[in-house]
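Shared between the two complexes below is chain A, which has chain B as its partner in the first and chain C in the second.
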Partner chain A sequence: MRVISEIEITPTSVVLNGKPIAVETTGEKMLVELYRRFAGDYPKFFKMDTLSRLGFIAAEILLKEPMANSPKPTAIILANRSASIKNDTDYMDTISDGKYYPSPALFVYTLPNIVTGEIAIRYQIQGETSFYILDKPEDLEQILLSTFNIQPSTSALAGWCECSYANTFYAKIQIIWNN
Partner chain B sequence: MVYCIGHTIISPLGEGSQANLEAVQAGRSGLKLYTHRFADVEPFCASLFDTPQSFVPLCIKSVEDAITNYQLQITNSKDTVFILSTTKGDNLDLITPAKTIAQHFGNPNAPIVVSNACTSGVCAQITAMRLLEAGLYRHAIVVGCDIQSRFIVSGFQSFKALSPEPCKPFSPDRQGLNLGEAAATIIYSQQPMANSQQPLWTLEAGSIHNDANHLSAPSRTGEGAYQCLKDVMEGITADQIALVGVHGTATMYNDAMETIALERAGLQDVPKSVLKPFFGHTMGAAGVVETILCAMQANKMVNDQMVNDQMVNVIKMLSGFGGVNAAIRLRCE
Partner chain C sequence: MEQLIEQLKAQIIEALNFEDMTPADIDTDAPLFGEGLGLDSIDALELIMLMDREYGIKLADPKAGKAIFQSVRTMAEYIQANRTK
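Presenting the complex of A and B:
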């Protein structure tokens, strides 16, 4: 397994391959700022929940970097600890006592693997998409090792993508090449 | 290739894989109309436990049933990993129940939760196969479970995806799906059981593909599902397959998509197993429940000499939100 590039996003910082990217805003506003700077042509972004926005932005920045000799990822393998809890909580608000108006637009995001689907659609990746819920980021290593063991020539967008509360998120996502 | 060394199903139709198989063979369905189960929710048809169950105890009961039936003493081993397949876990929490279950059995390893929407039960078996084949563990205990709630039923109702009556997969007048509850466990091992006459089945291949088309509707060409079928059929032909366990949710789009994918893979004439009219859509449990029953149905076909010696393969396929599709191939001899 070889790491081609890596991005780390917190509510106050963005670091691409060890180099910080300057941002003027923080939290969810920062994700919108990054969208305008690195994408801007994909209004579906505004329909997404924060977890999907986070993964989408990470992929957008990683895949925008010119990568010499590196193939487009064929698989998307992401993990976190709290699944889709932030959006689940938002959906819960639409079915609270006395205010029962369940929102289909929110319900679709009550699954953590939706972020892998969003990235797959954006980049037309028809390979594997998988989402795991793990206690800690290190637990993903054995999963990636065993996945690449079966699919030796895979390049994957893989890593941690978590949003537990409003404005509380963390992503550390890599492009990994296994050849 | 990995060996199944034990399994069980606990559903509203019964406890134990055999009891569930007999219920299906007798044409019994767990589907009923519920009018007051959850506050505010419109009446819905589903297969629910008569007494509402708690997630963790139900999972533990399912694992205990599987290990007791087959007299396995592997749960507390460092060579064993727990893999939980669920979409909503214990009231939206997925990792805590997984840890509680592993700890209950004295297992020292970090559990893995597979949350790949409705394909989770098949994806969890693929994860198990990969971990064992990579030599990271000797045994994997795959538990699939979901409990229905106001959260889930209201969401599917808001999507207008629920049928008001028992679902009719692949019928021209199908109206949507029914939800269901179940817990099921499959134990995979690098080796067949020493004291067993024969493996219950072997898991030969698995594949996961995204349609890259839509988050909540399947591809019109069945692309992802077709790619999965093509992958798991590598090295065999359609006339070596006894049975295909389809997803068959009875939504308009799913069943149309699967029909196209099956035809593209040349599987239109292979017998199909469609289990949603008995269990409803048990979400994270569906792939585990349906794999067990398909394998048992195929075993019966072999024993009853309904199929020839070559037809020992079974395919189980699923599709879900996020555009994800998954399939596995078993050998049942």
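Presenting the complex of A and C:
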């Protein structure tokens, strides 16, 4: 496996292939800032939960990066430890004590693998898409090896995409070639 | 009625997370689905919840939704005639 390109996003920083991208905001506002700068033509972004926004923005920046100007990934394989817990609690708030107005828009994001679907739709990636709940990022490597052995995927957008609380997230996502 | 329309537009923007939009951007008579605002089925459910939460209206007949959600104006007219709060 060969890493072609890599992005790391924290609530206060964005690093693309080892080079920081300057940002003026932090946390979830930073994701919106990045959206306006790198995408801006996909209003559905505003309907996404934070986990999906994080993965979407990471993919958006990675796949527009000149180094990755080659065949697009055929697989999307992401993982985290907290599943969709942040959105799950947001949804729970809409059905708790004394108020019962469950939000359909929040409900549709109460699964972590929705983020892989959002990226697949945006980039028309029709191969393997999976999201794993793992203890630590290192555990993903064996899954990637297995995927490349079993599936005809030649490249993947893969990595860690985590959002546990409001404004608390971390993504380290790579474009990996199987050669 | 005009006040209700403006209030409804603001509530739609908030409920559907149209962060780049202001009430002035929404055409009162434009279709909510398809062309116009281009809402989808999940948005329709959010609008149903909005009517319940803000105006105490429970839509019992799903078929009625097509006429009610034609535009902001038809929504506002229905709300004015049926609101319980």
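Operating definition for what follows: the second predicted complex is superposed on the first by the 175 of 179 C-alpha atoms of A that agree within 3 Å, B and C clash if a C-alpha of one lies under 4 Å from a C-alpha of the other, contacts with A are read in each partner's own complex, and residues count from 1 in each chain.
Here is the rule we go by: a contact is a pair of C-beta atoms (placed from the backbone, for glycine too) under 8 Å apart; a residue touches a chain by one contact, two chains touch by 3 or more.
For clarity, every value in this text was computed on a predicted model and none was experimentally measured.
Superposition note: with chain A as the common reference, chain B and chain C can be accommodated side by side. Within the superposed three-chain model, A:32 lies in touch with chain C and out of touch with chain B [touch as defined at top]. Of the two partner chains, chain B is the only one that A:128 touches; chain C does not reach it.
Legend: residue contacts after superposition of the two complexes on their common chain; A:160 is shown touching neither chain B nor chain C. In the superposition on chain A, A:146 makes contact with chain B only, not with chain C. Shared-chain residue A:91: touches chain B; no touch with chain C.
Once the two complexes are overlaid on the shared chain, A:116 sits against chain B while remaining clear of chain C.
Touched residues of chain A were counted for both chain B and chain C, and B has more of them. After overlaying the two complexes on the shared chain, residue contacts for A:103 are found with chain B and with chain C alike. Shared-chain residue A:56: touches no atom of chain B or chain C. Of all C-alpha pairs linking chain B and chain C after the chain A fit, the shortest spans 7 Å.
When the two complexes are laid over each other on chain A, chain A has residues 102-104, 108 in contact with both chain B and chain C.
Residues 39-40, 87-89, 92-95, 98-99, 110-117, 123, 127, 130-131, 133-134, 136, 150-151, 154-159, 207-216, 223-224, 227, 320-324 of chain B are the ones that touch chain A when the two sit in their complex. Put simply, chain A touches chain C in their complex at residues 32, 43, 46-47, 101-105, 108. Contact residues on chain C toward chain A in their complex (touch as defined above): 15-20, 42-43, 45-46, 49, 52-53.
Chain A contributes residues 76, 81-83, 85, 88, 91-92, 95, 97, 100, 102-104, 107-108, 110-114, 116-118, 120-121, 123-136, 139, 142-143, 145-147, 149-150 to its touches with chain B in the complex.
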